[in-house]
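In this document, chain identifiers A, B, C and D correspond to the written order of the chains, with residue numbering beginning at 1 in each.
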């Protein structure tokens, strides 16, 4: 068996982790996994499932995306109805509410395989999750939400976090599959709670990134050295993930996008989308989110100024702009 | 000398620090230390200096506060001019800009002892620090800023963080004294940078506390369990000091004021004061602080609703209020 | 003809206006008008149409609301399909998106009378307007949006403003009918533009009401007399409808709800609903609305504090609260 | 006496006001008026006083500004002490708190003429007004605040609004002088109330300008014609001075700066300064001003983006920016 080679090769730590992970496919029985949506994230996720030994059944509107997976051994479909019927699990990784809704309608137009578990890893409205769950369960199959965090690098390295909403049984059922794509598989509660957790976390992330940008900028304009101030804040009560691991000021956290002109990372477009979904659920639940709502508008203003494709930490540069000082 | 033992014993770094602290009353030469402002914080700080073996010269408008220190061995003064002249170091710990300014004027009305180093540990405007530094240096003595974080418990247990602004030499001079009252003595840069660091940190703290409150509330209203969601956020990108160590939702962080009806801790009044100072320096430096400014207004609204004396995490309760849902 | 009596009776100005208005029914041919939704607003609107000489065909889930209209001469229906088929115009005046959508589905379940013009006067999402227009036009009839402003008094006195979205021809067709319920019938553009205009106007209204409250409060706390300051602002650049005609400070505008403990008027619940719809269209069009979004959150906080039923000018009282000053 | 003609001619009230103004140089006894600060506003104001027949005693740090006034008949001084002693009234029109404070110190360094009334028309902190009033009254003269609105055109055409803080007697004393420079002389209350009124009005102005920009932008992005929407809002509850007379969208109000690339008018720099003063008094009085504070930060962001010199209605262009849509 190929996997035995592992221990006879001089491997790096990273390689051995990948191999150890790969070996777990012995534990996980090979499954038929459908995958719809082979974009920046989905392509890597599907590839990782192949590495785990699963049989992949894939669909995407991009021929090239399909060809990439085909080259790795996946079966490509034109019709998602067939794809779904051949799958133990179907994972959807799509851009927005409308496309997700349409995908599930198309895929189940002539009924479902009652053994299929549908897993949506897109980021969508938690209410749509509950509608989809009802829709699929009425047809006789199961549906859960399992949105991710960790971005493209997490998808590539199979280190995503999955936030799962469903019954505990369903969680236990899908966990081994999701472990092929991520390192933390969190149980959040019933249907929609995965999305709810993701949206609330990302709202907090947006707030603390903008807050960090304001505090760093204010410190620097008063004459503090950015590294000295970052050290102070990170060992004090102002500390947050953004200040510690993803500092928006160039030169403070070497690996952060701020050091490469805010390229890559988590785009302003995506955080704005998530804040829009969070604002929607806040309206539906009458929850006051003053800082969340203002953060949403700030990111929307950045989009209006052409920064949608930049990493969301570019808000620091937008605010520090000193054209007139 | 006792200190030598430290290095001949097989001690861990942590142990050696403890020993240094324990023995430091012998290590640090006893000094004459003036202390003005013996309130909730200052009283404990002055007591800790006595424990370190220093001779304390104290002043406060409250007779009782003076009596407390007298009982511990301090000399009480009616006139701060005499106090200052008898002191190697004078530490001021006072409520606001105006009182600090008046204290320094009174204290130096008939000149200074040129060997005295004045240390202001109050929280004041960084610009006032620079005015005071100029004022004192023109009289021939030295002045630095060293505001603190850590609150009343930190003052009591001598675990405060001091953020020092001055020359590096001045920092080295005052460090042994400050170590008698705190565990982290951070060098922030020139005059005023201690205050600047403190204000920026506390602005970030206010933003992340309100953000945490919004995110927790939104998660809970959607049906997430607060402990589950806190665990998710704390192992993800939304993590911050407030979510991890001081969660505003009762039952999540056992030691947090949220579990005792928001009593004690860091009051809404104090964070509002700090946000006011931060807003002032932001205006002076033309720095946009949208979330900082909104947080300031939110805390001001809490004060208007009678919550000024509560811990600042009470913002969660203020926003979750469900009278009408 | 009864109307001639008008000029032989000693009439007040208000009476004569009503009679003049009533006389215009000679110009407007009597029509069969369906009315669905006989609530606080709809009941008065339907009554006014009866006064104009139209034949009313009505439906509401409240038996009492139906009975009231029956007593005035309306025909009451259990099934809206029949109501719609018997009507030249159908007016819907319902609480929210979902109820409107369901009403149109029910009403047209077995087809439409192709001569009927459907007029929705509810406040809903402009996108739903466009869906409904498509839905109805595919069935062969016409649909326009015509939301109102003016509140319950405007509905009662037939002084509403209607903001109409549709073709210019459709506008001209419905104008005579709407004139029986309002005094300004504004053409806003194509389908959905009536709703768009209403939502943008009401967002501006919310912002200026909160702004007026802040400015009045800040003026008063500095020692200005509220009437003196209102006079200054109203003859200067800070002037707005809220400061002039609906001042949130008791004693300034005698007719405003602020003088009767913020009872009646335009409720916090309703403006919050409109701000939620405005926030939705802002998200859909990527439009930054920082003050609009913050106003939404402020009103949501008022709801959370039990003020949902109060007039929206109660935001002044909420912010002036001086419990802790 | 010429003035009598006014009342014997069949004139309208407006005509008689014009005549009174035209002839007032004869009606108001000629006074010695000191004027310090001959900038964009002050230069015109001083010129208008000369036209009224007053003897002007002027000072400015710019030689050219002084020469301009000299050419019109003013006496130029190098020392403000002499200027003040020769004046019945001294008007100061200076850029900020610090310069005003220094000007009054310099001017009164060797005492005051006890008959002089000092009038500060600068925009400064109301607390500084009270300090100056105390300072001048202790020296034996009188001091009042009389800030203006109306901008450079108002200064040029003598149509400014003056907001006066002082005793009613002082108001009556200075009114005839101020009428030579403005058309509305408003009594606001005691010392500082003129400034308080101005700051609160301008905060409201900033809020409603940003609100108008948001509402117009949101309407336009949904497809409404800007002129149609402006007409709707201006005859409805969203109406404000900014929407009616100074619309930020080009093409709506022909005379507004939006039609000339936001040149001239009331600069972003100046409204930001006024919002900074308003924020300061709000902090001092514990007044929540969420929309005012956010407006301040938005204008500060515009400054950071190089728009400080543009008219403050440029906020519309800043927010509508569609680089990324």
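The criterion applied here is as follows: contacts are C-beta pairs under 8 Å (C-beta built on N, C-alpha and C of every residue); 3 or more make two chains touch, one makes a residue touch a chain.
All figures in this text were calculated on a predicted structure; none of them were measured in a lab.
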### Message
By mean C-alpha position, what chain is farthest away from chain B?
### Response
C
## Note on the structure
chain A to chain D, mean C-alpha position gap in Å, rounds to 54
### CA centroid of chain A to CA centroid of chain B, Å
40
## Note on the structure
CA centroids of chain A and chain C: separation to the nearest Å works out as 43
### Task
Could you check chain B for residues that touch two or more other chains and list them?
282, 286-290, 294, 298, 301, 303-304, 319, 324-325
### Query
Viewed as a graph of touching chains, is the assembly arranged as a line, ring, star, complete set, or other?
complete
### Task
Could you please specify the touching residues of chain A with respect to chain B in the complex?
126, 149, 161, 163, 184, 186-190, 192-193, 196-197, 199-205, 207-208, 210-212, 214-219, 221-225, 228-229, 231-233, 235-243, 246, 278, 281-282, 285-292, 294-295, 298, 319, 324-325
## Note on the structure
The chain C residues in contact with chain A across the complex are 272, 276, 279-280, 282-283, 286-290, 293-294, 296-298, 300-301, 303-304
### Query
What residues on chain C touch chain B, complex-wise?
290, 294, 301, 303-309, 319-325
